[in-house]
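Look for chain A in each of the two complexes below; its partner is chain B in the first and chain C in the second.
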Partner chain A sequence: MWPGVLLIAPALTAIALLYALPLLRSLITAFVGEDGHPTLGNLAKALEFYGADIVYSILVALGSLALIAFVSIAIAGYLTLGQSRWAVPLLRWIYRWPLFIPFIVAGQTARSFLARNGVLNTLLTDVGLVDAATATSLLDWRGLVLTFAWKQIPFVTLLLAGAMASLDRSTIEAARNLGAGRLRCLIEIVLPQVRPQLLVALVLSLVTIMSVLSVPVMLISGNPTMMTAMMAHRVTFYGDYAVANALGLFSYLLTAVAAWAYLRMSLREKSN
Partner chain B sequence: MRSRHPAFSRLAETLGLALVMGLAAFVVFGPLANLAIWAFAEQWFYPNQWPTRWGFEFWARVFRPRAGAWESLWNSVSIAIATVGLSMVLSIPAGYALARLTLPARSLIMLVFLLPQAFPSLPIFVNIAAIFYGLGLNGSLFGVVLVHSLPGLVYAVWIATASFAAVDRSMEEAARNLGAGPLRTFRDITLPQAFPGLMAASIFVFLDSIDEFTGTYFVGAPDITTLPILMFNASMGGNYQIASITALILLIPSVGFMLVIERFLKADVLSRIGR
Partner chain C sequence: MGTEALSLEEVSIRLGQSLILDGISLQVPAGSFTCLLGPSGCGKTTLLRAIAGFAPLSAGDITVGGRSISNLAPEARQTAMVFQSYALWPHMTVAGNLTYPLKLRGLSKVERDRRAEAILSLLGLEGYGPRAVISLSGGQRQRVALGRALIIDPPLLLLDEPLSNLDASIRRSLRGELRRLQQKVGITTIMVTHDQDEALAMADRIVLMRQGRIVQVASPEALYSAPADLEVAHFLGVDNVVDLRPGDPVAAGGALAGFRTADARVFTGEAPAGLDAVLVRAGTVTACAYAGGSYHVSIDLSDQAGNESLSGASGAALSALSSVPVAPGTRARLSVPAPMLMSFGADSRLLQGIRQ
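After this line comes the complex of A and B, so read on.
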């Protein structure tokens, strides 16, 4: 036992100093007032000042996750059940590109691509889908949802397509032979079997969306915006760690609820 | 559709498929092409739909000898190399212990190495910055290396554990039976076999550090400028050309990594991650 403990001790110490200590500090600071006494005042202040941002963050996250889930299921499903000899490899090649592209780069390109006079509106005007006079900027909640989805769809698709590829093909073939269409096959046979992987990928994406600072700062000017941007604002402009940490507590709670829902669902499935 | 001629419906299907593939390609590559347009647009004012003058003027400006880009590039690369070094020195023994040795509460330890990825990281970075401020580490390269090592360590421990678990035990036992000591067995048998996985972990940590923004923003700013910070400042200052050129530079390691990852991260290692 001791050799193992000795080998792992340095890494555990690093995690304790770089993660556990700041985590404890964030939790404690959220509940301590200016006078040093325990208080719920910071939480109340965070709710009062940033309640709209919390709701906004939840809605943007849910919208992003819905879009991510829908597109990832469509792509992974087509990669698994598609029969075209050219389209399947082509799509497999295309979809991965944003996977390792940094969020900050995605934020920069979204900032200029989705603007009112941006390239997207220019192209849509040229094609005749949008009237130049009424073209609007997409740099609001729509821009956030599109940017988060653009970055996270490859990640979720990668996990989902991997899970689908390792499924037993015989049930799929049997359903196909009995005349089930590919869409029905995807929804009724493939999807229920890969639901755990889909949920894990979505929970991890939620954590990512709740951690990214650059994208909301670069896309959204003014309020309401994502909680991350407001936490950074509270710290850099006011040096107010207490309210920032109280706001951070709400972002922990949000992801904790998602993780809890996932665990409960997977436990219930195991007991069945 | 069924009443139509089969050749006609096949043509319609191919056309529809081509349309969807074209749309997918546009969604993925359109925003990237947009960066390239901005990087070479010397003059682009409203109401012109497209740039009115193209060229390398801004590239020359970014890469002027005393411009900030060289310093940021140097900072980014040296921070990333130091982060890889620190993360791997800590995680190779940890990964070996988690994969091979008996540990008390092993699953709890695995959980500890998972937690930093399971909750939003921004509050952690904010509080690391507050702690570092008291220690005088804010605005120092070492402070930024430490803050980059938190996500780095998590990835490295996971992948290193999976890589050591994928090493064939019988070869290690054979070496021991032939009289090799534990250290020699590790050096000559275990390490070479785990090498591709450890290499993948190093690349992953390197890339994560090169791209890292939030931690650097809180711990390093305003003294330490990395490429992401340079890009962010240029963008917020409205200098889209400089921001796009920096963004294109940041894309090089990302895309390069995507193209080589499968060579290093084999399926037998991938399937063991998190176990």
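After this line comes the complex of A and C, so read on.
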């Protein structure tokens, strides 16, 4: 037994020191008052001050995930079932680009693209779809959803298209042979077979969305905004780690619920 | 759905550099049962895939009931194919697999379940409906795949070795069922098989393929008694070939004769009377194995003593049946009645088939 423990000791120590300990410390801080006694005051304060931001974060995250799922399924589905000799290779080549662009650059680009007199509105005005006088800025929840989706769609598509490519191709052919069009084939034959990979990709995307600071800071001025921005605000302006950690607790909870739902679903799938 | 005649005209398929199908022309009458026979890799699966719409033609045309289907999407072609790899949907139950094609056609749940029950009992799979397909054995999966295609009464049924993984008794009964169903509904059927007995027993017509071409199209009887050339003959169980000599009882001009082991006899003593219409060769017994009802004897002609000359490249080893065991090493003679001989020219094409 001891040689085994010795072998994994360095890894265990690193995990304990670098991950478990800070996590535990921040969790505990959320429950410790200024007087050093245990309290629920920080949580109450976080809810009272930032309740709207928590709800806002959840809604933006869900909205982004819905958009990400929809577009990724469409792209991966087209890559798998598409027949065009030029469109499929072109799409395959192009869709990954945003993967290599950092969030902060994405945020900056979105700012100039989505602003009231930004590129998008200018284009729409030129085409005549939008009246210059009534053009509105998209730098609100819509900007967040669009930016998160733009950044995460390639990632989810990458996992999804990989999973679809490794499916037994003849299951798709059998469905089409027996009368299923390509769309039905995607929804009823391909998607159910890659659902586990889709869920993993979406849970990972949720974690990313809940932890990105640069995008909300750059796109959103004022309230409500994402929890990350408020945590940063709490720390930089007030040095108040306790309430910031209490707020962080809600992010943990949210991602934990998603992870738990995913694990439960994959366990149930394995059992039957 | 009515049944339709299928016609292929000069169909060619090129995948990458190689020509997989090379100018295939074939008329399949409505309601007929056609078997595709041929060595592995000769393009049988590719031909079925071309008809189903999964292998784009590089030349030629395919018509069903007189209308070209070459440019139709697979789902619009109204064929039902049983894939060599089964291609069942792993996320559905057995019943789910069987009823999905009906769901696509908008049938009610009650009707779908009724038909699934009927097809499950036809396939000997009663009670398997709620099972997951990944929990089935290979043969059970193969039957579900067959049922999934049969359930929609397709006008055109394409079967890629649909019975290859079943045990002998299920195979026999399903052969009968399939043929009965096909004749009752009159489904135009094309079936790939490696089993010549299956092809002979089930088909109205057999198409023999080789290296992407059709070599022969014939009724089972005609193919059995008059295969187009030596290679086809070999494929149809003609496992003995000898060089002909003067005096052999075959038509003039032949270079080689072929016969089936079951038609040849071995004897060790004096030649039986009336040998004039018989081909005879002498040699040494190399092996003798019981083959149910009689003994399968192998005879080697190459180490012949006396004045009997050595056969050429072919015919060094022959086999025949014997009613009694013969010890290896024994000198023996083999005889084949003249009507059971097929003679082939030097180019290995058939000159004269079996006469009955």
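In this section, the second predicted complex is superposed on the first by the 257 of 272 C-alpha atoms of A that agree within 3 Å, B and C clash if a C-alpha of one lies under 4 Å from a C-alpha of the other, contacts with A are read in each partner's own complex, and residues count from 1 in each chain.
What we mean here is this: a residue touches a chain if its C-beta (ideal position, glycine included) is under 8 Å from a C-beta of that chain, and two chains touch if they have at least 3 such contacts.
Not measured: the values here are computed from a predicted model.
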(request) In the overlay, answer first, second, both or neither for which of chain B and chain C A:Ser170 touches. (result) second
(request) Give one of first, second, both or neither to describe whether A:Gly181 is in contact with chain B, with chain C, with both, or with none. (result) second
(message) Per the contact definition in the header, classify A:Leu62: touching chain B only (first), chain C only (second), both, or neither.
(response) neither
(request) Between chain B and chain C, point out the one touching more chain A residues. (result) B
(request) Return first, second, both or neither, reflecting whether A:Ala87 touches chain B, chain C, both chains, or no partner chain. (result) first
(message) For A:Gln193, using the defined touch cut-off, is the partner it touches chain B, chain C, both, or neither? Pick first, second, both or neither.
(response) second
(message) Taking the superposition on A as described, I'd like to know which of chain B and chain C A:Val119 touches: first, second, both or neither.
(response) first
(request) Over in the complex, which chain A residues touch chain B? Could you list them? (result) 1, 3-5, 7-8, 10-12, 14-15, 18-19, 21-23, 25-26, 29, 84, 87, 90-91, 94-113, 117-120, 122-123, 125-126, 150, 204, 207, 210-214, 217-218, 228, 231-232, 235, 241, 244-245, 248-249, 251-252, 255-256, 259
(message) Quick check on the complex: what are the chain B residues that touch chain A?
(response) 17-18, 21, 24-25, 27-35, 37-38, 46-47, 49-50, 89-91, 93-94, 96-98, 101-104, 109, 112-113, 115-131, 146-147, 149-150, 153, 157, 207, 210-211, 213-214, 217-218, 228, 231-232, 235-236, 240, 243-244, 247, 250-251, 254-255, 257-258
(message) Considering only the defined contacts, which chain C positions touch chain A in the complex?
(response) 52-54, 73-75, 77-81, 83, 85, 87-91, 100-101, 104-105, 132, 148-149, 152
(message) Applying the document's contact rule, which stretches of chain A touch chain C when the two form their complex?
(response) 168, 170-171, 173-181, 184, 188-189, 192-193, 272
